[in-house]
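Letters A, B, C and D mark the chains as written, and numbering starts fresh at 1 in each.
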Amino acid sequence: MTTTPDISISSAEGQACHSGPHGYIQDKPRYLNRLKRIEGQARGISRMVEEDVYCIDILTQISALSSALENVALGLLDDHLRHCVLDAAREGGDEAEAKLKEAFEAIKRLVKS
Amino acid sequence: MTTTPDISISSAEGQACHSGPHGYIQDKPRYLNRLKRIEGQARGISRMVEEDVYCIDILTQISALSSALENVALGLLDDHLRHCVLDAAREGGDEAEAKLKEAFEAIKRLVKS
Amino acid sequence: MTTTPDISISSAEGQACHSGPHGYIQDKPRYLNRLKRIEGQARGISRMVEEDVYCIDILTQISALSSALENVALGLLDDHLRHCVLDAAREGGDEAEAKLKEAFEAIKRLVKS
Amino acid sequence: MTTTPDISISSAEGQACHSGPHGYIQDKPRYLNRLKRIEGQARGISRMVEEDVYCIDILTQISALSSALENVALGLLDDHLRHCVLDAAREGGDEAEAKLKEAFEAIKRLVKS
């Protein structure tokens, strides 16, 4: 089974999310479930193209996948604001400003994507 | 390796795309490549969550995946308009109206997703 | 009352929409009504800023205005597809291809805006 | 000149933005300028419809207006996060959680509009 060349996403530690663990950790199983489902939807769309399914049906599945992806992103953002950003803001100083700026850039990418 | 329960996407024949093959057929290898890449990005995001990567890094990858997905959808839509819809319009009759209405509904979903 | 310097939108004749009048003409009063309302919403948002209204309330009104604008655009696009594009497609030739390409570029701007 | 019936946007005081003035206040002239321009664009689009301008030209202006509106919203959101939300977070307590939840709902509307 040809494995898909994953994007070499550097699973760098990523900046420590301030004092506590990342906001999403407590919901990790649920996020993994939703992302597995998204992976399955992506695979399903590939198979529709392989089987020459009608364009409109494929577009319908892509819109559904986009919405599912958007909802995962909104969930992660919510968790990040209520944990990482809030913790940093409570500790004050430059860290808080940096966290808010970083969160805003992520929000902008989400709005524009 | 636990296979991801694919969405039971009925690979229904789907309505025959009018007289000719679907618009995207001539570009099928390229679409399959891009969709394989999207699948890999989705898997990569799952792995980031598994490895407790920083929220913002995950959000960055999700925005990139959303854009890639949007571009595939726009490609399929372009092909569909220039082949399926154009063929139907040339043949005239109710089929053309139905095709345009169907294409518009897909565009609306894309704009709203 | 200081009139707002309108954008110098060239009310160029614009390319004749193929054989018939533009698709939206038959719904013109309704479009003008909706656009007047949108203008009023934009003015209302200006006034909220003038009156130092709370940021979130202003953002709520901007999201409502964006959705209203999107729906007007989708209406115009639907009319354009079912009239201008369909007429051109029926007449065939390069005009049809040009019309579809032009419509697709408008759809892409809409999806990406 | 028939004035446009403004949306009766209650210029309610709106919840006091925590201790300080709203984040956007220091940039108020710039926001008012941009909103005046947006109002002019909306009026320009009305006039294009009045003058039976070609559909695609109108759609192009609507996409430009949508982007301008989105950028004003992102600016307001950035100011709100860096002032209202940050101030509330520093003071801690339930106010901070409420502010973040409120900001997240505004972000969700923006992403989905």
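To be clear about the criterion, a residue touches a chain if its C-beta (ideal position, glycine included) is under 8 Å from a C-beta of that chain, and two chains touch if they have at least 3 such contacts.
Treat the numbers as computed from the prediction; the structure is a model and nothing was measured.
S.K.: Applying the touch definition from the top, give me the chains sitting in contact with each of chain A and chain D.
M.R.: none
S.K.: Compare the CA centroid of chain A with every other chain's and tell me the farthest one.
M.R.: Max centre-to-centre separation from chain A belongs to C.
S.K.: Using Cα averages as centroids, what's the distance between chain A and chain B in whole Å?
M.R.: 19
S.K.: Could you please state the distance in Å, as a whole number, between where the Cα atoms of chain B are centred and where those of chain D are centred?
M.R.: 32
S.K.: How far is the middle of chain B from the middle of chain C, if each middle is the mean of its Cα atoms, in Å?
M.R.: Inter-chain centre distance comes to 26 Å.
S.K.: Could you list which residues of chain C touch at least two other chains?
M.R.: 70, 77, 103, 110, 112
S.K.: Which of line, ring, star, complete or other matches the graph of chains that touch?
M.R.: ring
S.K.: Which residues of chain B touch chain A once you look at their complex with the stated criterion?
M.R.: The contact residues of chain B facing chain A are 4-7, 9, 11-17, 21-25, 28, 31-32, 35-67, 69-70, 72-73, 76-77, 79-80, 84, 102-103, 106, 109-110, 112-113.
S.K.: Chain A touches which residues of chain D in the complex?
M.R.: The touching residues are 70, 74, 77-78, 81-82, 85-86, 89-90, 92, 96-97, 100-101, 103-104, 107-108, 110-112.
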